[in-house]
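By written order: A, B, C and D. Residues from 1 in each chain.
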Amino acid sequence: MITVPAVRFGVVVFPGSNCDADARHALSTFGDADVRLLWHKDTSVGDVQAIVLPGGFSYGDYLRCGAIARFSPIMQAVTEFAEAGGLVLGICNGFQILTEAGLLPGALLRNTGLKFVCRYVNLKVENAATPFTGACREGDLLRIVVKHNEGNYTVDPATYTKMQANRQIVLRYVDARGERAAGANPNGALDDIAGVCNEHGNVFGMMPHPENSVEAELAGGADGGKIFRSMIDALRPAVPA
Amino acid sequence: MSARATVEAAVKLGLTAEEYAHIREIQGGEPTYVELAIYSLMWSEHCSYKHSRPILGRFPTSGPRVLQGPGENAGIIDVGDGWAVAMKVESHNHPSAVEPFQGAATGVGGIVRDIFTMGARPIISLDSLRFGELDEPRQRFLFDGVVGGIGFYGNCLGVPTVGGEVYFEPSYAGNCLVNAMSAGLLRADKIVRAKAAGIGNKVVLIGSKTGRDGIGGASVLASQEFDETLEEKRPSVQVGDPFTEKKLIEACLEMLGGDLVVSMQDLGAAGLTSSSSEMASKGHVGLDIHADRVPLREADMEPWEIMISESQERMLAIVSPARLSDVREVCARWDLDCTEIGEVTDSKMLRIFWHGERVGNIPARRLADEAPVIRTPSFKPDYISDKPVAINTYERPDDLGAVLVELLAAPNIASKRWAYEQYDYIVQANTVQIPGSDAAVLRIKDTSRGIAFTIDCNGRHCYLDPYRGAKAAVAEAARNLSCAGALPVAVTDCLNFGNPEKGDMYWTFEQAVEGMAEACEALDTPVVSGNVSFYNESFGKPIYPTPVVGMLGVYDDVSIHTDQRFKDDGDVILLLGPDSAALDGSEYQKTMFGQVEGRVPDVDLALEKAVQRVVRDGIARRLVKSAHDCADGGLAVGLAECCISSGATGGAAFADPDRVGPSRARFRGADVEIKTTLRDDVALFGEGPSRIVLSVAPTHLPAFRQLAGELPLAVLGRVTGAVLRCTIEENVLIDLPVGELSEAYESLPDRLD
Amino acid sequence: MSTVHVRVYVTPKRGILDPQGVTIERALPALGFDGVSGVRVGKFIELDVAVDGGSPEVVRAEVDEMCRKLLANPIIEDFTFEVDA
Amino acid sequence: MSTVHVRVYVTPKRGILDPQGVTIERALPALGFDGVSGVRVGKFIELDVAVDGGSPEVVRAEVDEMCRKLLANPIIEDFTFEVDA
């Protein structure tokens, strides 16, 4: 029997992260993933194969979400890891940190409703050819919870044009039929954008929380598991037939 | 320290002349000002429970699962497999009335500290809120601010807020109620108690710097004419810093888990004073506190201010000298201030020092545990009636369908989605049942077990009859848990009342405690923690007596739970419980007739217990597919809620009506026929205890009937279509699409713009 | 109809905890900025008010009321404002 | 060691949606304030910087860098600042 080694994930813990344990727990439900926590004061990411920047309120979201966290020592290492092609997933606050750090284009503004919003959204997979969505088909719907105050994605028009051409819009908020619709977008994000990747496709940020959506018996359902499945599959050496 | 601690000064601090004499006697002469300030806080109603202590003794507080009853920061219940749950509810009414956002936020912060102080990781919060009517802009402002503050704090902490309740009644207009409940999970053999021990051990203050926040929040220091700098010394509103609290949770649990500290206590009301004197008193030791070592936010603070400041996000730890450097290391890692401010002594005295000079010296036990007790002579208020209102006093409305729509849209019944969608109810990956059903359900990771929570009180019923109303609150809380399939096991309570110095008010308090105590005894749910909030009055008018009941339920196997949603066409709808419902005290009486009067029904505790057992057994044997407590709005509203919440997509996991897309088509309707001896409108909208609407697959009906035995059980009809139709004696009284009902039920936001 | 430009400065009241300020100040040295103290974070609000022939005093009074009622929370915040000439 | 007081004004960039400004502007008429337009909500940050014998230019350069790197996000915000004499 040939055993394929588990994929090594690092989950970064910033002061104020509060979905770090959830991300670790979610990954631990996959038999072929190993997880370790990376401390924000660390200067190296070690030998991990993928990094998750978790949700939460790093530094209380004070000043701007992600603004202080992005200066953490670990972020220098994460940047180098990303530039070398490593997979980096930013969830919610992690997404905000990635935009603040310049690893993803755009920025996340206050929700148009000016309120924190926790609810289920339907997400359409717009691009299934990324390492984060490979386990999905294009047009698939994922039902996952969002919970944030600042998820209103914005980017300048010139960059947006390039992003579209480059298929960097990976997830959009849609209705239960998979259609773009008023009311489907919980935060006012530009063109219903819920998740984007960088030009090379190895850095991905999304506002909804896949780590709260890996176990069917819980309220969060299991649709989010596809994001982690995709990452694991992308990193596992092909199993010999 | 210019001021003298005279009897005049004492009275200004809220003490009575007798109390002052008592203090002189304990101190052997005139106290110092620091001592007087400390006594005034510790002997305030809020800290000493002087009006409530003798009455609270009535509660049952022990049982096979109780690991810690009242008297610590939180009560603790054994939930199996070596796991335990710490739980507590607390009021933050007055701060929220002043500044709703920060008041509510710091209320959450305080209750969460009570939980992790015990060594438990906070895993859930619930909120019980009461305001005046929403047509007043001030009440909308309060509601908006309070919900925003609860979300702001809890969301940042990463503690899910998974349940609560909100009521709007004129009696709360001048005095809103904001009760925050929290619970945490810990190993049963790792309970930490707030007891100082080990002569020579160090007293360490961890967390935020100390400012003038809420000085005298628990007494009347604010109105003290101290000197000409009064303006600058005015107490500040407490501002919450959830980021610091999140770091405190992690650092404290790390220190407690690693046995780095001997014990721990949070700084709540009366700040350093109460935490240090309680720790000393519990441990039968003394504490020396060097007030000048406390890190300050404002440099010019005086020792008495430092001792009673209520600055948030601070913890006091007792640490052995050998562990001090480890404790410092953990705090440094979490960027938290950590300051050694004193030491444990064998003197049994709380001694306060200021740059080496002793400025206070008080016997800890007498200060913390021997505050005077007051029992107000009580009498029954005139308004209480022992006769139900004659039914023909109220004319039956013609269109009962329209009544149902109006009741569903009434703020007390309408969906509170607007509020709970501002709360992260899913963080920590334990949430099995989100808000919107009878109880919040969580799993316990790495076990098959689960726990359920609810928080309940019908203040209107308690107003009409505090004994019956309080009893009903316990029964309803237990019923909510049973409807979710959980076994109710323990209570935490928050008793919100008016001025206890008034005899009629005191009577309502005594009655409520008696009612709660009887129900808790009968239902085997001991009271393990709680809080009393008196003086909830404005312009001499008290709130409704509001004894809020927070309850914990347990599952051996959490996969055996259910919710209120009708699931499948053809399922049989049943009403378990008596055909008795009252108009008095109902939402129907208030909304349609503008009255709150009469006599509310009494709970038959034996029947209640039996009904709940049958529902739980039915769920455990997988006979019951949905169960819902018939409470506010009566049977018709209960049925409508089962239909409305069926509009979910996906499996049980998604108990969340999708407001986008075509999923409304999936609403389940119901066709029911009610056999009753009551007038038809009362049968539909009257309220009474011990009644549960449930659904079973037709093939399971005989088995369920057998389970119910002699208990009243009525077959009402079937789950079918997308319309709710209710018939009584061949008159179709309600015949409305569930979509329309849902619209009314979801209309709360329309009232908030 | 002509308008005047107004700048409103909202600051945390003296003595009131400013968690944002405290957190930023704590973080700055690690980001390479030393010697910074007394950080306080408030709001800066700009708006245009129609004058409609009203005197400057009228506009100032209106802005003052607006600050009290909506733009600042007088329980925990102070404010000042400037009205362009 | 002496310090200088610095006031930083961070404003939403032109063309960037300012949900808070929009909401305030919409709320004003209901409160009886008409004729208010162009509401933009930004931040007002005050701090003290140690001068350490550095020239005013040095301090200005340092504050400028702090704003660029941390206090404002250039994608969505502009900033200006004043250094007390």
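Rule of thumb we're sticking to: a contact is a pair of C-beta atoms (placed from the backbone, for glycine too) under 8 Å apart; a residue touches a chain by one contact, two chains touch by 3 or more.
All values reported here derive from a predicted model rather than from experimental measurement.
Chemist: Between A-C and A-B, name the chain pair that shares the greater number of C-beta pairs in contact.
Modeler: More contacting C-beta pairs are found at A-B.
Chemist: Between chain A and chain B, what is the separation of their C-alpha centroids in Å?
Modeler: Centre separation, chain A to chain B: 35 Å.
Chemist: Let me have the rounded angstrom distance from the C-alpha centre of chain C over to the C-alpha centre of chain D, please.
Modeler: 10
Chemist: Suppose each chain is reduced to the average of its Cα coordinates; what separation in Å results between chain B and chain D?
Modeler: 41
Chemist: Going by the contact rule already set, what residues in chain B reach two or more other chains?
Modeler: 241, 243-244, 335
Chemist: Out of chain A, which residues touch more than one other chain, so two or more?
Modeler: 59-60, 62-63, 68, 71 - these are the residues of chain A that touch more than one other chain.
Chemist: Where in chain C do residues touch two or more other chains at once?
Modeler: 19, 23-24, 31, 41
Chemist: Can you identify all of the chain pairs that touch?
Modeler: Between chains, contact exists in these pairs: A-B, A-C, A-D, B-C, C-D.
Chemist: What does chain C use to touch chain A in their complex?
Modeler: 19-20, 23-24, 27, 30-31, 41
Chemist: Which bits of chain B are touching chain A when the two form their complex?
Modeler: 148, 151-152, 155-158, 241-244, 246-247, 333-335, 420-434, 443, 445, 559, 649-651, 653-656, 658-663
Chemist: Any idea which chain D residues touch chain C in the complex?
Modeler: On the chain D side, the touching residues are 1, 3, 5, 9-11, 21, 24-25, 27-28, 31, 33-50, 52, 62, 66, 69-70.
Chemist: Along chain A, where are the residues that touch chain B in the complex?
Modeler: 15-16, 18-19, 21-22, 25-26, 41, 55-57, 59-62, 115-120, 122, 143, 145, 147, 149, 175-177, 179, 181, 183-184, 209, 211-212, 215-221
Chemist: Report the residues of chain A in contact with chain C in the complex, numbered from low to high.
Modeler: On the chain A side, the touching residues are 59-60, 62-63, 68, 71-73.
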